[in-house]
Each structure stands twice: as structure tokens, then as C-alpha cells.
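Note that the chains take the letters A, B, C, D, E and F in the order they are written out, and that residue 1 is the start of every chain.
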């Protein structure tokens, strides 16, 4: 089992979700994050003073999948999120040792989906 | 050491915290997340248009524990969060390689609690 | 590759970022979290009723780095975040199995920075 | 002979003069109507601000509907119950002058209506704006847990029937006015009536879930303090019309005094509520100060035209103290009132009526007390009966799950702050 | 002889009397100006509340600038186009009395101005406050996607030229007033003119991205319902000045009636919008109820002084129904209007003008219809032309990327709610 | 003989006439009082909106308390210091007519009071509402870092003593009024006095932590732009009463002109502030446009009754430019004023007084300058002294840790937006 963490552009969420659905990946968790990456920030002006905003709004997806699903999940995220412009985001893959469904107390690969 | 990530229903936080306290687990971090799971969303209506909201508000707990505490932590979370209804949430267990307390720079199992 | 998660005091973010920049670590993601730790909460009063707030506002940094950068990243975070008072926060280190840059589809150590 | 002619001229001139005074007084009543109207925004924002984000749409919805229900029922029956003229069915206790608005033709609906100060329509619209406030008071007290439909039904019956019946006793020329009972602008007839209704509702509904856990009262924080502050300022602004309009003319002496006493009571309430709550909870508590302001305003409402400035300061100061104690007291006895409506409107409304008996010359304390008691019994009993019937029929409380998730999603399927990350685990 | 003398006295006294009445009427116009002014806050908060957080600074900015543009252009040319006096260039269709304000000296700009009810300057400032509202209506409909500079240019031309030309036909003594066309306070000249302009804008801009996806209309939620509610209450408050001020005197009979009809139409609109939307979407919809209130207010605006209370209830009730249907209808035909400006101002404004033909004695339905059609054609065509030219020159729509990120960052480099975590992926 | 009789009639009629005019003028002063009152909501929301969420309860609290302190001290001593009548202690520089309110009995407190335009109580309440605004100005400038108790003490002394002493020189018949100094509605006596107090506070407090880092000025963003916009609209609305009420009668000529000049100066200020800031920072800056509006309003306040419409446009336009430059200038010299109070009230208030010397016939520029200088020295010195003593005794600044966490938690133990996720790392 793996935990996939993906940082994507806020406006790509719907596209990513659709790609995941097509691959029958329906479960995920989303949080909002602020990211510093290669992408330059933008400038705001407030009362005449210039501000560089270098923490950009991103979404952080967390998707736990069984190992055989990892590649297709990654592919789906890329299809949904990629615009080939700086700021498209990043995917991290981490080992997942256990998973429990609270409702049924099922464990392991059963519980993930 | 393990990092336990649990997604629970927002309204179960107090119950979960109490169960954890009973097991002398006092440290944790909470973030709010939006989750897609087995639970169906609900419908909102705005200006006559129907909206299906399928990202539900969840809380994400992150609890770093020493390996021997893992089972009792999981059990406590389940006791606090379980209503046996869809949407109760999920627990993930991940390997944790290091832990440092910033204040004292202690490392490892010492630092976790 | 490792994923470093750090919980720090909200007001230390700028200092931590500066220390990281000095070490040429430019990429990170920040989310806001509520934390229960050793630090006691504070009391609020609302309409004459006292409330103990024991979930304190913290920032959660997530920094993916190549293994050789782990120690200097940790050191930088500590330099920026440490006030030697309770509530300074904690750092967790986790194994990271994969990393993909969405824009270029690069993988692995290339992709992280 | 020329004297005669001169007299005629003078008389004509008099008529013209009073036409102008009539225009002026009538204009003031209409402007006061606008001010009372804006109190509805005040109630809406105050109540919304002091409750949780997840119930905010519900509160706004109730407050908008309350204005509509108040004015529609008042036009249909309320106005003619409250001011039955000579059409008393149960002498001086209940009268009804027929359905709908019937503006007398010509001068009878204008300069001859009610002694030449304002027209029939001005009277109706000013009174109609008052009517809805009684219900709005209740809306705050039952917030965050009451079923919407039941509230709307309750509101219709309470504002349409109970409020005007009780009001007719004093303002419609009924038995209380015969006794010499004084309630200048509605501490009894508006605020305490609403407050008693709120008490019945709070008792039958029970506290919000999570409010009392293991013998302990938990604070359930309001979600938006600027909104609450906007509410209090809007209410205060409206009070200039509420009390000022109740002079029923632009008479410079009376009106100026009312403006001063109303304001000084409010500021005294702020000051003493601040001191009291600071002593008790060791912190300067904004929500208490806001309630203290309203307490001072309610406290002066029964007698704003008949006290000195110093007396208004005393009345306001007392109001500011008792509102803080009342909030704490109601909490002790586990009457969960999210916005402090009981403390402000019921407690300070009652204090105001009694203070009138203490401070105003020619007003008997005993009469004031009789008024307080009878109005209290009838308002509370009627409200309890309506809420009670609703409770066993439609139900008055939302399901626990709906309460936890919030009434905005449960009742309306709409969030107040779409897109905002809100973390609320109570 | 003494008769003569007495007469002189009486005449003098008459002059003094009318000076007082003049002062009183003039004061009311000025107070009404304050009320109309606050409608701009109402529009600003309503529009901001019903759109997304990421475009909120942009909307506030537009609404503040609109007031400035409205008053500056009205002072420069608008007032003298709208009220050309005898300076008609194209007889009864277009006139222009010169640039800037030219208050007649002495009594001519005061008591002798326009029959003794108000002064030149009071007239100007009251009318000037009206002017800007027409543009503000458009600002809501084109929200969340229109380029700022193009909006400002459009606003300048539309309010400075189109609005006063159309207005002169009726209120400036032009051909429509000669025909006997009745538009009491501006359902046609303000609301429908603004509405037609909004329609042109909505058509040329196209829907917000994400609004219509795969044959489906998606709801794009407003971000702040309390703000929207504040907006509606402020607008309602202002409407007492909008309609009440249009009596152009403090005449007790007319003014009291206008207050009642205006209010009753609003509450009827609330009631029927609630029922209609509850039936259709099975939920009590706050945003629809708020629109229903405004619908009732617009609905009565053409005839608030000339209908009975019962008629005002009917007019408001119809408005409440049609506004809900119109919102749904515009959505069906994919005219994306974030705040419902088309439904409220265009549809109900038109209904109001026609209702005047139905309910008011002596008003010909045919004339009203002619007014509706000609005003519609001219306003729509002019707005379409201005928007069209801007579209091919400066462009009227922001880039898609800017739209997604929000106009606040894109156009202003400033966030509305700095520090708040806002999650918006539309 | 009959002539005699006729005269008697006429005289009687005159009395009646003036009673009506008195009622009318008095009513206007009271309505203006309501408008000035609502400025306090304007200040509260503007200041709250332009600062950070973590200090919002603190700001609201201060603004509510300021109203109370202002009115209580004004009733206790301020009114009788400001208007000492003949009770000058230091001739024409300081007088005191005794503690508390002493309304003259009968006609002396009514129609004979101050020449028949308004009553004693109307005078007091209108002036009392003004008093508090001077302190409120300071509250904005010292926001986000000042200790609450010290602020409350400062506010009490400044509003209770300094403000009325300075005011008495001009409005109370003191030496400045003898010199022919003109300050129509308070650019000097209210705005600049508050502004000088603010300057002293800002200097002694130092900038907010994080504002100036390594030779660089950092923007500290306001947290709620709609709130700030509500504030500006409320202030503008109130200004109709601030300037309009200062006519001290409903005189149609003067009042209508004041409404027009006040409005035109505001819109000119909006326009030029927009242009200036757009040129400088390349973006249309909402916060600057809001300040520009207030700048125009302050700019016209000293002479709104005595300039032409064109002159009011010039005055407003200049105000709009200088407010933007002043905001940037104060930032350069590291005077950290979170809401722009110095730029709006001190700079534009001073400009307004000088502009009066430039544009108004019969007013000497030298006299205006003397007024500016002496008022400035006395207000600044007194404020500096009070702040200074507080600094070495109680302390005026919260601890750094408290500042970082926010005054809402630190001073009040209450959050403004409970449940909202707010991310603020400044």
C-alpha cells in the first residue's frame, strides 16, 4: 500500500478528479496548502506598498492506494494537472504500512478502497 | 515510531480526544480536510440550481507514536470515532524514521511524547 | 529521499524560511494546523463562560529533500524555530519512495528540487 | 366687525399652520419608521454574529421572513386587534376592528386622524415595523436548533395574534392604559412580550447540544464579532426611531429629551456592563459590552420621555449590571440563549417597566407591577402553548445530526461562507 | 380698507407659511438623498456577497468608482441632458442645457425653483444619487469576468449620456411624458435602463468559466451570505428615499401611502419568492428570498403613489413569483448573471411599468407598453454598441487564467480576506 | 386701531410660525445626530477591516467604549468646557460652566436657546456625538499594538478635556472665533485635533512589529475589505449629518449647498486618489480609493457652506492627491499608521482649514494658519504628554508576544472569527 501526496494547482482539481474517477479511484482527501516552488509568486499592492507573495495557493491531495494502483493513479493525476507550465505541482509516493476502515474495523488492502 | 493519520467526522473530535487522553496520548495535530469516500455527499441549492457537494468536511489527525503505542492509539480512535455509519473515516499507519523536539533538540523516541 | 514534516509556531515562519533559503532549500509546502502538545493552551472568555483552548494554532511544513540534505534542513528549521520555550514544535522524518514533477514528468531525485 | 374678519384670517392661518405641523410630525413618524426598519438588520446581524457559521443562513432567513410575516399579519389582523378603537369584544381585553387596512377617507385618515399628528398610513407602517421586532427577539433565543417551519408558524401566530392583543391593553386604550400603566415605547409590550416568548421557546427546546456537558457549561463562540458589532450599532441607530418615534410628534422638547435619555442610558449600560464583566471574568468582554449597550437601550424604553438625564444614567447603569448577571444566571439554570435575548429583552424590559414606576412622577409602581405580571403570564402561557402544540405535532427541534452539521446545510442546503475553511467541532 | 390690510398680512403670512413648507419639503428631499445614497452600499455588499471571495475587491472597487463616475458625469452633463428645460435639440427626444451646474441666483434657485418644493441643489443631488444606480445594476451582472478599465469607460458613457437621454423623455418633460407615460420613481428610467445595459453586457461577455459545463448549469456559490443580507436591508432602507423622495415633497397623504405600498410590495415579494422557490427546489432558498424582496421593491416603483395597499400586495406578490422564474429562465438560456440583476431590475422593472398601466387610473396600458419597448430598444442598443466597441478595442473580458485566479489578484493585486484560508476550485 | 389688532394677530402668527421653524430645525439637528452617530460604526468597521483579524475584537471594543467615554465625559465636563458661555476662567482660552447638564427651564432651553434653532438637549446630543469622533480617529492609528487600559485612559482625558478646550476657542466663542477663524464643521477642531493626537500616539508607540524589516517597509494587509468598504459608506452617510447638521438649521439654501459640496468633494477625492495611486503603484488600489473618499470629505468640512460647487471639486481633488502622497510619505518616515488616520484626518484636515483661507471670501489665510499652528501645538503637546506619562507608568504597548499572537487573545481572550481558519504569520 502507498500513500500518494500530490500538490496541484487549485483550478485543476476538477480535472484531476475526473481523471481519477475514470480510473475508478474514488477516494481521496484534499487540503489547501501554500507552496513555495519553482514558480515565482506575484505582487500585491496594499496602500502603496508592494508585497511579494511567494507562498502560492495549492491543493494537497492525499490518496491511499494498493501498490498495483500506484502507477495509474500517478498517470491520472498528471493527465488532470499538467499544463506544462511552471507551478503544475508535484507528486510524492510514500510507504503505507496499515489502513483501517473505522466503520467496519477492516484492515489492510480491503480497507483502502 | 509510526505516524498515524486518521480521517474522522468533524463532530467526533471531542470524543476521539477523550479516548486518546484516557490512553495517555496527549499530543496530536489536527487539520481540516475535504474528503471523498464511500459516503455520498449532499445536495445544496443555490439560486435554483442544484449542486452536489461530494467533498465532505473531515478532520485529519496526525499522531506520532512509538511503535508499542500504535495499537492502543488505533483502538482509541476507533472508540471515539465509530458510529458504524458510512463516513466514519479511515486510519493510515506510516513508518516514521525520525522525530526531533525543536525546543530541546532531543531526538527519537524521547522526543515523540 | 525523505519527507520532513515540521510543526512550528506561526510567528516563526519567516525566520524558518530565511534559514532554509540560506541553505538553498527553496521548496516547501505550508498548511495550518491545530496542535496539542506539551504547551498548555490559553483561556478565552465568551459571555462570561471560560473556555480552555487546547488546540493551538501551528504551522505544518512539508519539505521533500534528498537524503543528503536531511540534516541541514533539520538544522535550519531548528535555527529558525527555536525559542527554547514550550510550544516550539517538532520535526518528523519519513521515508519517501518517489517524487514526480508534474510539469516535466521527471522522477526521483531530479524532481525533488 | 373687522375683528371678526381678522379672526377668520387668523383661523385660516391656524389651519394652515397646523397642516404644516401635521406634515412635519407625519414626516418624523415616517423617518422613525425607516430607523425602526433598520433594527431588523441589526437583529439579523447581531444574532448571526453571536452564533456559529454553520447556522448563519438559517438565522438570516428567519430574520428576513420575520419582517415579512410581521408586516403581513399586522396588516391582515394585528393592527385592528392592537387598535380596536371602540370595537372591544371582551371589554378592554380583546377587540378587533376587522380585517385589512381601512384608511378613513379624506381628512379623517389624515389631519383628523388621531389628533392631527400623523396619518393613518404613517401610524400603520410605524406600528407594523414594531410588530415584527417582538418575533425577531425570539428568533435569536431559539437559534441554532429550532426547526424552520415550526418557527415560521410560531412567528405568524405570536406576532399576528398574541402581540397585538397584549399591546391593545396599553396602547390600544385597553384596561392597562385605564389603570395608568406607562410603557412609553414598548419595554413591556415589545421587549418583554418577545422575551417571554423566547423563554417559553428556550425551555421547550432545551439547550444546544454540546452546551452543557458533564455538569459544565461550555462556551459556544459566536463566529463573527464585526457582524455582531454592526448589529448593535444598527439597533442603536434604530432606537432613535423606536423611542423618538414614540413621541408621536416632532415636539422639540420631548424629542430632544428622548434622544438624550436614550443615548445616555445606552452609554451607561456599556460602561457598567464593561466594569461588571471585567470584574467577573477578568477580561474586557466585547460580547458583554454589546449586550450592555442593548440593555441600556431596553432599560430606558418604558420611560425615555419622562425621566431626567441623571435618572436615565442610573437606569442604564443598572441595566448594564443586571444584563451581565442575567446572562450568567440563565447559564447557571441551563437556559441556553445563544444571543442573550432573555437577559436583554426580558430582564431589562421588565426592569424598565418597574423603573418607570420608581422614577416617573404620577406612575404607580403597583400598576407597573400588575402590568409586568399579567403581560408575563399571558405572553409566556400563549407562547408555551403554541410551542407545545408544535412540539407534539411537527416537532420544534432539528435532528441531532442536522444540528451538528448545521442548519444551513440541513434546512437550506446552502452555506454562508462558501469556500472559507471553517473548523468547528462543537 | 382694513380688509385690504388684513389681506396683506394674510398674504405675508402665506409667504412665510410656504417658506416653511419649502424648508420642510426641501429637507425631506435631502434626507431622501441620504437614503438613496446608502443604496450604493447596498448594491456593493449584495453583489460582493453573491459572488466569490476572489472577486470581492474588484466588486467593491467598481461600486465605489461608480458612485464617483455617476455624480461627476451627472454634474458635468447628465443633469442638463436629463432636465433640458426648453433647450431641446431634437424636439422632446434630446436636449442639453449646457455644461456644469448653474444654480439660478436667489429665489429662482430656491423657492421659485420647480414650484416651491425644493431647491436647485437639492434637486441635483437627489437626481445625481439616482443616476449612479443605473450603472451599479450593470456592475453586478457583469461581475467576476469583466475588465475593470472597460467597465469604467462603459459606466462613464452609459451614466453620463444614455441614462439622462432616456430619462429626459419622461422626467425631463420629453415625448413620453407628453404621452402620459407614468414611471413614478424609476422602474423604467432607472431599473429597466440598467437592466437592459446589463443584458447587453451579459450577452457580449458570455458566462463565467465553469458556469456551464457539458450541457449542465453549475451553481457558483456566493461567498458571504451575511454581506448579501446587509445589502438587501440597505437597499430596502434606501428605497424609502428612492420612492419616498420621488413624491418630491413631504405631503403627508402621498408620502405615507408610498411608504406603505413600498413596504407591502417588498414583503409580498419575500413571501411569494419563498413559496415559489421552496416548491421548485424543495428548500427554503435565502438567495431567492433576498431577490424576492428586491423584486417587490422594483415592482412597486413605477406606481407606489397611485395604487391601493391591496394592489401593492398583488404587485409585490407577482414580482416575487416572476423573479424566481426569471432567475431560472435566464439560467436556462445561459445568460449568466451572478447576482440576479436581470431578473430583479429588468424583468420586474418592466413588470412594474406594465402594472402601472393595469392598476392606475388614467394610465393607458398601451402608452406604458410603448415606453417599455422604446426605452428597451434604445438602452439595449446603446449599451450593446458601447460594449461592442470596447470588445473589439480594449477587450471586455479578463484572461481565463486571471478569471480563475480571481480579479482581485489579477486586476488589483489585493486580496479581500487576507489571512483567511479560502478553498475555491471553481 | 385695527391695524394694531392686525399686528397683534400677525405677531401671534409669527410666534407660531417660528415655533414651527424651531420644531423643524430642531428635528433636523436630531436627525443629523443619528447620522453622526452612525459614523462610529463607520470608524469601527473601517479600522477593523484595514487591520488584521487577530486584532479585530480589540478594535471593535475600543470603538464601542469610545462612544461611551465620549458621551459620558462630554456630559460630565466637556459640553461645559466647550461652550462656557460667559464663564471664561482664562479669558477666551479656557472656561468651564460647571459639571453635568443643566438645561435651562422652559423656553430658555427651547426656543430661546441659541437663537431659536434648536433646543439645549438637541445641541448637547449633536455635539456629544462629535466629541467621540476625535478619539476614534486616534484608535485607528494606534491599532494592533496599544494596551487597552492605556487607550481607555488616554481617550477619557483627551476627549473629556483637550478636545473641548481647543473646541471652545472656535465654537465656544473663544479667541479664535474672535479672530475670524473659520472651521465650519470641524476639520480643525475634530479631525486635526484627533489627527495630532494620533501622531503623538504613533510616535510614542513605534511601528507594529514586522512593519519595517531591514530598511524595508512591509505591507501588513487588512483582513476584510468589505468591512472597510462598509466603514467608508457609513462614514460618508454620517457626513451628511456632520456637515449638514453644522448648518444648525434646515435652511434650504445653506443645507442644499452643503449636501452638494460635501458629496462633490468626496467623489472628486475618489477620482484623484484613484488616478494618483494607479499611476504610482500601477494598480487600482481599493484601500487608497477608500481613503480618497474620506480625504475629500475631511477636505471640505471646514468650508462646505461657503464654497461653490466648482471649488468643492477642486478641494476634493487636491485632497485625493495629497492623501495618497501622505500615506506613502508617513510610511517613508516610518510612522506606522495602519488605517491612514494621519493622512486623512491630520493632513486633509489641515488642508481643509487652509483651503478655507484660500477660497472663502472674508476669511484671512493668516488667521487660518494661526489656528492650524496653535491647535496643532496644543493638541499634539497634550496628547504627547498624556501618552508619555502613560508610557512610563502603565506602559502603552503590549508585549511583543501578545502582539504576535494578536490582541484579541491577549487582551480579550476572544477571537473575532471563531472557527475560521486564518493563516497569518506576520
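In this text, a contact is a pair of C-beta atoms (placed from the backbone, for glycine too) under 8 Å apart; a residue touches a chain by one contact, two chains touch by 3 or more.
Bear in mind the structure is a predicted one, so any value in this text is a computation, not a measurement.
Asker: Work out which chains are contact partners of both chain B and chain D.
Answerer: The common neighbours are C, E.
Asker: Tell me the fewest steps from chain C to chain F, where a step is a jump to a chain it touches.
Answerer: Between chain C and chain F, the shortest chain-hopping route counts 1.
Asker: Comparing B-E against A-E, which pair counts more contacting C-beta pairs?
Answerer: Of the two interfaces, A-E and B-E, more C-beta pairs touch across B-E.
Asker: Please work out the Cα centroid separation of chain D and chain E, and write it as a whole number of Å.
Answerer: The separation of the two C-alpha centroids amounts to 32 Å.
Asker: Just how far, in Å, is the C-alpha centre of chain B from the one of chain A?
Answerer: 18
Asker: Can you work out the whole-Å distance between the CA centroids of chain C and chain E?
Answerer: Chain centroid spacing, chain C to chain E, equals 52 Å.
Asker: Using the touch rule from the top of the page, what residues of chain E touch 2 or more other chains?
Answerer: Residues 2, 6, 9, 13, 17, 20, 24, 31, 221-222, 224, 230, 283, 285, 287, 412-415, 417, 420-424.
Asker: Among all residues of chain A, which ones touch two or more of the remaining chains?
Answerer: Expected reply: 31-32, 34, 44-46, 94-95.
Asker: What are all the chain pairs that meet the touch criterion?
Answerer: Going through each pair of chains, those in contact are A-B, A-C, A-E, A-F, B-C, B-D, B-E, C-D, C-F, D-E, D-F, E-F.
Asker: Spell out the part of chain B that touches chain E in their complex, as residue ranges.
Answerer: Touch list, chain B to chain E: 34, 44-51.
Asker: Going by the contact rule at the top, pick out the chain F residues touching chain D in the complex.
Answerer: For this pair, the touching residues of chain F are 2, 5-6, 9, 12-13, 16-17, 20, 22-24, 26-27, 30-31, 33-34, 37-38, 40-41, 44-45, 48-49, 56-57, 60-61, 63-65, 67-68, 71-72, 75, 100-101, 103, 110-111, 118-122, 124-125, 128, 148, 224, 227, 230, 411-421.
Asker: Once bound in the complex, which stretches of chain D touch chain B?
Answerer: Answer in residue numbers: 404-405, 409, 412-415, 421-425.
Asker: Chain F touches which residues of chain D in the complex?
Answerer: For chain D paired with chain F, touching residues are 2-3, 6, 9-10, 13-14, 17, 20-21, 24, 28, 31, 35, 52-53, 221-226, 229-230, 232-234, 236-237, 240, 244, 250-253, 255-257, 259-260, 263-264, 267-268, 270-271, 274, 283-287, 289-290, 293, 309-310, 417, 420-424.
Asker: Quick one: which bits of chain F touch chain A in the complex? Just the residue numbers, please.
Answerer: 217-222, 277, 280-283, 285, 287-288, 291, 324, 327-328, 331, 340, 423
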